[in-house]
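Structures given as structure tokens follow.
Two complexes, one shared chain (chain A), two partners (chain B, chain C).
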Partner chain A sequence: MITLYAITDHPTPPVPRLGEMRVVPSGDLAAVCGPVIKGEVTAEALWQHEQLVEALMQDRDVLPVRYGTCLPDDAAAERTLQDNHAEFAASLDTVRGAVELAVRVFAALDRAHVPTPAAAPMTGAEYLRARARSAAEESDATVIVHSPLARAARACTVARVNRPGELLRAAYLVDRDQTAPFAAHVKEIQEGNPQLRITCTGPWPPYSFAGS
Partner chain B sequence: MTTLAEQDIGLVDLIDRLLGGGVVIAGDITLAAADVDLVYVGLRALIASVATATEKGVLPGMGSAL
Partner chain C sequence: MSDKYLHRPSGLDSLGDPLPSIDRVLPRRLNADPENLERGLAQLVLTIVELLRQLMERQAVRRMDDGSLSDEQVERLGQTFMALSERMAELREEFGLEEEDLNLNLGPLGNLL
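For the complex of A and B:
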């Protein structure tokens, strides 16, 4: 069994001497593979995996493969490249020369006064008011944060928010040489909107734009 | 309400990407999508003890000020 880290163009620069990575080529694409990851899925294991993909990303365009993807052998990797050639080639073109930046927006205000079901049962009217307020805040975050950032990016994705107080969870595909201006843009929006708490991490390999 | 500490954001963004993003290939996947929530739960407990979680830097100028 082998682990698949990323898909890239072929020919490709020599892969970094990390994690026993190696290239399995097929036509104008290549799969970067390595030994199967053993052991528990821990934060450390995820960061190690990420480190390898980021090292690859330094000097080539990559389509990162979902963590934990294993194939029986090199022949299976070649088949995967052949069977999905059109899709992979198109996705590589989409992310060429770009990286991913992750942005989250939270409500910065101390919302401890908002009753939670555990702390104090809400009446129906209170619940509806809280829901309406939350929806309005999400809408504001979209207008204030997402819209201008989307215009500064090559592409974007918005995921469903899934945490208390989270108003926006988005990813932006940004040209490699535009990450600093993008970050400055985020900072500017943050400074003008103290009611929001905005986080921006990256640059990441384009996980959210890899095509599946 | 609990909010994510700054050092947690990098790890949460990482988990979202590695376990929820990337090319999905038909094959012998060792980690099914259905397991992601369980991994989250397990990893949340680890976050505080993982030094590398803060290394994924938040972009220049984007750190503790936010």
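For the complex of A and C:
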């Protein structure tokens, strides 16, 4: 068994000497593979996977492959590249020259009300009003934060928020050289909106834009 | 990790923030392993129930906002949705599912929830 880290163009620059990574080419695509990771899924193993993909990302465009994707052997990797050539090539074109930046928005701590039923006994009306407030705040965060950032990005995805006080969880595909201006844009929005706590992280491999 | 922050709020209040990427590295798909079939099926069913619960709750909030519900109706609906939300949390726990597991990737259409 081999593990798959990323799909990239071929020819590709030499892969970093990390985690015994190697290139399995097929036509104008290549799969970056390594020995299968044995043992349990640990946070450490996930970070190692992430670091390898990030190392690859430094000097090439990649479609990152999710942790735990394994194939029987190199021949299977080649077949996967052949069978999905059109999809992979199109996805690579989508992310070419770009990185993923992640943005999360929370309500400022002194304003975060936590509408979980477990927190305190509430009446039905209180619960519904808390839900209404959260919905209104989420929609404000979309207008204030997401809309301008989406215009500055090549593409974007919004994920469901699922933490108390979380108002927006989004990923933006941004040209590599636009990372700093994008971060400056986030800072500007933050400064104008003290009622929000905005974090922006990256650059990440374009997990949210690599197709499935 | 800290070198990955392009921007974060000043002060210490970002300590509560989750690791930004680890959840995106984990495989997120329906688990069809025969040994875990029950859990996979529960995941699918609970996802659909959660979708309906959210749609109905949003509808109730909308109707409350436009004033077409009496106080008594608001109270009753609120209690119903609060109970549903608690019950969902219990069921999730029973099957070892996180809130994030209750979703389906619809390919080009994005995520269901």
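We take it that the second predicted complex is superposed on the first by the 204 of 212 C-alpha atoms of A that agree within 3 Å, B and C clash if a C-alpha of one lies under 4 Å from a C-alpha of the other, contacts with A are read in each partner's own complex, and residues count from 1 in each chain.
Going forward, a residue touches a chain if its C-beta (ideal position, glycine included) is under 8 Å from a C-beta of that chain, and two chains touch if they have at least 3 such contacts.
Treat the numbers as computed from the prediction; the structure is a model and nothing was measured.
Once the two complexes are overlaid on the shared chain, A:Trp204 sits against chain B and chain C alike. In the superposition on chain A, A:Asp140 makes contact with neither chain B nor chain C. In the superposition on chain A, contact is made by A:Gly68 with both chain B and chain C. By the touch criterion stated above, A:His49 is placed in contact with chain B and with chain C alike.
Applying the stated contact rule after C-alpha superposition, one finds that A:Asp175 touches neither chain B nor chain C. Applying the stated contact rule after C-alpha superposition, one finds that A:Leu101 touches each of chain B and chain C. In the overlay built on the shared chain, the residue A:Arg160 is in contact with chain C alone; chain B does not reach it.
Annotation for chain A, partner touching more residues between chain B and chain C: B. Of the two partner chains placed by the overlay, only chain C lies in contact with A:Leu128; chain B stays clear of it.
Chain A residues 41, 43, 46-47, 49-50, 66-69, 101-102, 104, 106, 159, 163, 179, 183, 186-187, 190, 197-202, 204, 207-208, 212 lie at the interface with chain B in one structure and with chain C in the other. Interface residues of chain C, counted against chain A in their complex, comprise 4-9, 13-14, 17-18, 20-22, 24-28, 57-58, 60-61, 64-65, 71, 74-82, 85-86, 89, 99-100, 103, 105, 107, 110-111, 113. Interface residues of chain A, counted against chain C in their complex, comprise 41, 43, 46-47, 49-50, 66-69, 101-102, 104, 106, 108-109, 117-118, 122-129, 131-132, 135, 157, 159-160, 162-163, 179, 182-183, 186-187, 190, 197-202, 204, 207-208, 212.
The part of chain B that touches chain A in the complex is made up of residues 1-4, 6, 9-11, 13-31, 39, 42-43, 46-47, 50, 52-53, 55-62, 66.
Chain A makes touch with chain B in their complex at residues 1, 4, 7, 36-37, 41-44, 46-47, 49-50, 63-72, 76, 80, 84, 88, 91, 100-102, 104, 106, 111-112, 114, 116, 159, 163-165, 169, 179-180, 183-184, 186-187, 190, 197-205, 207-208, 210-212.
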